[in-house]
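Note that subunit A is present in both complexes that follow, paired respectively with subunit B and with subunit C.
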Partner chain A sequence: MSFLTIVFKNLLRRRTRSLLTIAGIAIGIAAVVALTSIAWGFEKSWEQAYRARGTDLVVTKITSQSPMPAPFNEKFAADLLKLPRVKEVSGLLTDLISIEDAPTTLVFGWALDSFLWDHLKVVKGRKPSGDDEKAVVIGTVAADMLRKSIGAKIHIEADEFTICGIFESTALVENGAVIMSLRQLQRVTENTGKVNFLNVKLEPGSTQEQVESLRKTIKERFAGFNAFTSSEVAQSNTAIQAAKGMSWATSLIALIVGAVGVTNTMLMSVFERIHEIGILLAIGWRRSRIVRMILYESMALSFLGGLAGVALGFVAIKVIQTTPMIHGKIEGEISAALFGLAILVALALGVFGGLYPAVRGSRLSPTAALRYE
Partner chain B sequence: MSAVLIEVRDVQRSFDEGRVQALRGADFTIEEGEFAAIVGPSGCGKSTLLQLLGALDEPSEGEILFRGKSLLEIPDLCRFRAQTIGFVFQSFHLLPTLTALENVQIPMFEMPWSAAERRRRATELLKSVGLGERLHHLPPKMSGGERQRVAIARSLANEPQLLLADEPTGNLDSANAKRVMEHLQSIHQQRGMTMVVVTHDWNIANFADRVIRILDGRIISDNRT
Partner chain C sequence: MMKPFCLALLLTLPAPALLWAAAASDQANPAATELIDKVINARKTTGFRIRAKLIVVQAGSGKRQTRQLLIKGRRDGEATKILYQALWPDAYKGRALLVEKSADHKTTGFLFTPPDKVTPLTPEVMKQPFLESDLTLDDLAEDYWHWPLQKIVGQETVSGKSCQILESRPAGRPTAGYALVKTWICPDLALPLRVHLFDEGGQLVKRINVEKFFQQGTRWVPATIMIEPEHGRSRTTLDGSKSERDLDIPVEDFALGKIKSLAK
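Presenting the complex of A and B:
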């Protein structure tokens, strides 16, 4: 008989209670898995968008926390072009706009001759032909969401535009967006001559050190501006930070509820077994072994709850992705790292929830515990 | 003359801030290889004395020495109990979810033995108390006599130097009580193990070589047969 045999036999005594505790932990872990997966997926989709555009650095103005950086003069692009190894600089304007009945939609304004268009695959129609044309292209997911096709009219703020093309992008976040010429979006949002992002493309073959050096130069030379790599810009995005913050806050609440459940179960289990713990102490078990036995029991519950929670969380992600608000915009990230994180969190929950009952059980006096019935 | 294993020096034990005096000054020694019985009526302090001898409790006054060393000076009493003392209780105190074989292995976790070694030793011990056919039975499915024999096997698990039995036949009929006492007597004779049995029953006390009578927390007689 191994030590773990005793642990599992103890858990099997009160099967219903053990199962209910496992279910409670599973729900908490499922919440962590689903929310973290979506937050990570959200971040990843933005990162993909910048990578797909071929952007090496993204320059924005340092502003207070808001979903989109504040617009600045587009002529700043010319200053960046003078820096070493900079091949192209493309200014763009991005905004979140509520379009007709659809939820808030990302609207991009891109210069029509910009390299930003290169990665888009226009599956139907064409891109706008000139800055004066009141036309937009929409992503495949946006087309579904807005229930619009080529030639249809679309109302953005007070203006009416014609859909001239439908595109597909490798970046999920762009597929749910509407893109028009930079001039048109500047006019619609009353930001004439302004952009809120500058996408910088370096000479081919630029090394990581050269990208880093350019980033430092921009930050030092242009006060009030910041330069990010594509992964950093996703991380620094306020919306992504808010999504991650929300996911952690909700996860934390779920975990606290889970930990209280584990503590309650293990305390009940200790109170029920006071007499037995007395026997174990009387026949020579060290107090540390009693602590270990109770901690292993709570960790076993948490581990099983963690496994069930991961499975439940993955199902929840699939369900959430089918909801109209999320569909096509965010793809939850299901990875080994997330699985590992969930199991680690579950085990930590077991240790945290089991510690007090374990210490309490180990501190019993053997004579008092033996008398206890 | 054998060496002294236990020396009890003017031991007193009170509870409830001195309102209850369970032991009022016990003084005696137990020699290596001795089989002693502590006899007295219910509530006379004999079980309290046994718990003190087994390092489960501490005296309010006085001290107990094991091989000349005060129990109060032993840093790890759990380890001391595991390696030195075997306990047999009136209510058997077996773990109900573990089989007889598993119950006997419980104290062995404190010894540096492998799982296979633990199993081998537990099997041998159960065979030695006539339970070779009941290894995988759970305590609730066994008779009182069988359960007490499992408890005896468990008390011998770590090859203790002292076996303490608290009313070992208290929950048994006379036939089973006799059988259990014969087992204890045989263990004492074969292994030369020091044993102290607490009982209220003179028939049980008569199995021992020495009878210490206790009344109202005081030793009133101490006779060797």
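Presenting the complex of A and C:
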């Protein structure tokens, strides 16, 4: 009988217990998969927003823990335009605003002639026609959230706007937003002449080295400012960091519960097999081989639990995404990397959960173990 | 010296009214003075702007009504101005309450109702509810920490935080609607987490609880505040959405002309 056959036969001896342990691990891993998928999806959505706008670099003022960067003078865009390889610079103002009875909503102010509008698909109506028009376009998700349709009035801060269009974007985060002309948002938020992001478009064919060199120039030449790629902006977003932190914290709790379950199962298994382990030691098995046997058993349980957890997590994400209240607001990131990570976490769980029982089993005295009834 | 603890402390999230207070009253005991000063010092600022949602929920029907609020404050030496303005819905838009505190603790100001009605703040007016919520104008204007009798009467855990209980009593017959105010203050956060307001008969009139709080830079500030009258038919939640401090709010923003312009 091979070593691995012994490992699997041991697990099959107590099928119900093994299945329950696998189920426990599966639930923990499913939680990891679902929560991490949502956090990654949130991050990807922001990243997509910048990519869709055709932004190569995003320049912001470095601020502390505020969810939105501090506004700065929009004339800074002209200084950036003078830098090598910079083709276009578009300033925008972004704010989180509590609108009427709805949850806090992302509001963008974009210059009406900016390239930022190019990727939006206006599915109904039109975009604002001029800086003086008190009109906004809203994303499809925002339309649901605010319960508004085209032609309706919307109160933003102390002003009343007309919804002149409804748009769709490839970026989920924009679909939940309200967009108006930059001048209007500057007026409404008392930030006249200010923006808090500069979206930079580079000459086509710019190499990675040239992008890096430009970033360095911006940092050196303009104190207090920083330039990020779209994925870096998403990563540095405090809301995304909070979402990731929450997902990891919740996952950690689920994993601890899973690890305790594995330890308990393996410990019981060791206690039930004291006599048997004594025989194995007596016939010449090394203590390290006993450790390996028990660790392989716990890792096999965790691996199977991991596979089941990945499947369960996948189903959970799909169910969450299709729930009417959540539909369109959350987009889970489902990728091979996520599933690979989940399996690795499951295996680590098996190692940690099985370590103590393995050491305990390997330290048994063969004579005492053989006498054990 | 100003000691403007009024309920604006809680209502205005980063506690604007507290911001400008100096030392506590002469008749307050030293521990109470120290505690009040700690909270006040943690909130000092030149000016602030806060956006919040006032949500009134009827107890029986569960009917919910929301008002969007803009709260601004400014300090001029020892004098302060705090302006509460309703932004939404249309039925309330433009209504405003201006509370001015002079350096010698006198409260003046007015209630503005569009298009042109200006009502000075008298003791009778102060008993009115603010925007038909469970808050009275008194709640927003009175300086309980300016009352002469302040003492710490105990310690209790609120929301998992160890708090000291401060009792504030007015001298003689209360001019405000309350005869006793108990405040549960967490010294570690320099933040009040609970306020109970009592009438002259010693009956509890209203409870104010900080439901959520968060750290903003080095300061802890309330994010959601619940106001529950003891025998009321509704409860009110003040939910902050944005808070900016250390601003220079122009003095013109507190002028009647500018206040009126919001309603147009």
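Definition applied: the second predicted complex is superposed on the first by the 367 of 373 C-alpha atoms of A that agree within 3 Å, B and C clash if a C-alpha of one lies under 4 Å from a C-alpha of the other, contacts with A are read in each partner's own complex, and residues count from 1 in each chain.
Keep in mind that, in the parts below, contacts are C-beta pairs under 8 Å (C-beta built on N, C-alpha and C of every residue); 3 or more make two chains touch, one makes a residue touch a chain.
A quick note: this is a predicted structure, and the numbers were derived from the prediction, not measured.
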Item checked: Clash or fit, subunit B versus subunit C on superposed subunit A -> fit
Check: After the fit on chain A, how big is the angle at subunit A between subunit B and subunit C, using C-alpha centres and going to the nearest 10 degrees?
Finding: 120
Next item on the list: Go through the superposed model and pick first if A:A158 touches only subunit B, second if only subunit C, both, or neither.
Entry: second
Next item on the list: Tell me which partner A:K216 touches in the superposition: subunit B (first), subunit C (second), both or neither.
Entry: neither
Note to self: Under the stated touch criterion, which partner chain does A:R363 make contact with: subunit B (first), subunit C (second), both, or neither?
What the structure shows: neither
Next item on the list: Figure out whether A:L96 sits in contact with subunit B (first) or subunit C (second), or with both, or with neither.
Entry: second
Margin query: Between subunit B and subunit C, whom does A:R13 touch in the aligned arrangement: first, second, both, or neither?
Written below: first
Check: Which chain, subunit B or subunit C, is in touch with more residues of subunit A?
Finding: B
Notebook entry, point to check: Where does A:K121 make contact in the superposed view: on subunit B (first), on subunit C (second), on both, or on neither?
Noted result: neither
Note to self: Quick check for you: in the superposed arrangement, does A:K318 touch first (subunit B), second (subunit C), both or neither?
What the structure shows: neither
Check: Can you give the closest approach of subunit B to subunit C, taken over C-alpha atoms and in whole Å, for the superposition?
Finding: 53
Check: What residues on subunit A touch subunit C, complex-wise?
Finding: 64-65, 96-98, 100-101, 104, 155, 157-158
Notebook entry, point to check: Where on subunit B is subunit A touching in the complex?
Noted result: 51, 54, 56-57, 76, 78-83, 85, 87, 89, 93, 95, 97-98, 101-102, 105-107, 109-110, 115, 118-119, 154-155, 158
Notebook entry, point to check: Can you list the residues on subunit A that touch subunit B in the complex?
Noted result: 1-3, 5-6, 9-10, 12-13, 275-276, 279-287, 289, 366-367, 370
Next item on the list: Under the touch definition given earlier, write down the residues of subunit C that touch subunit A in their complex.
Entry: 51-53, 66, 68, 70, 85, 87-89, 93, 216-217, 239, 241-242, 262
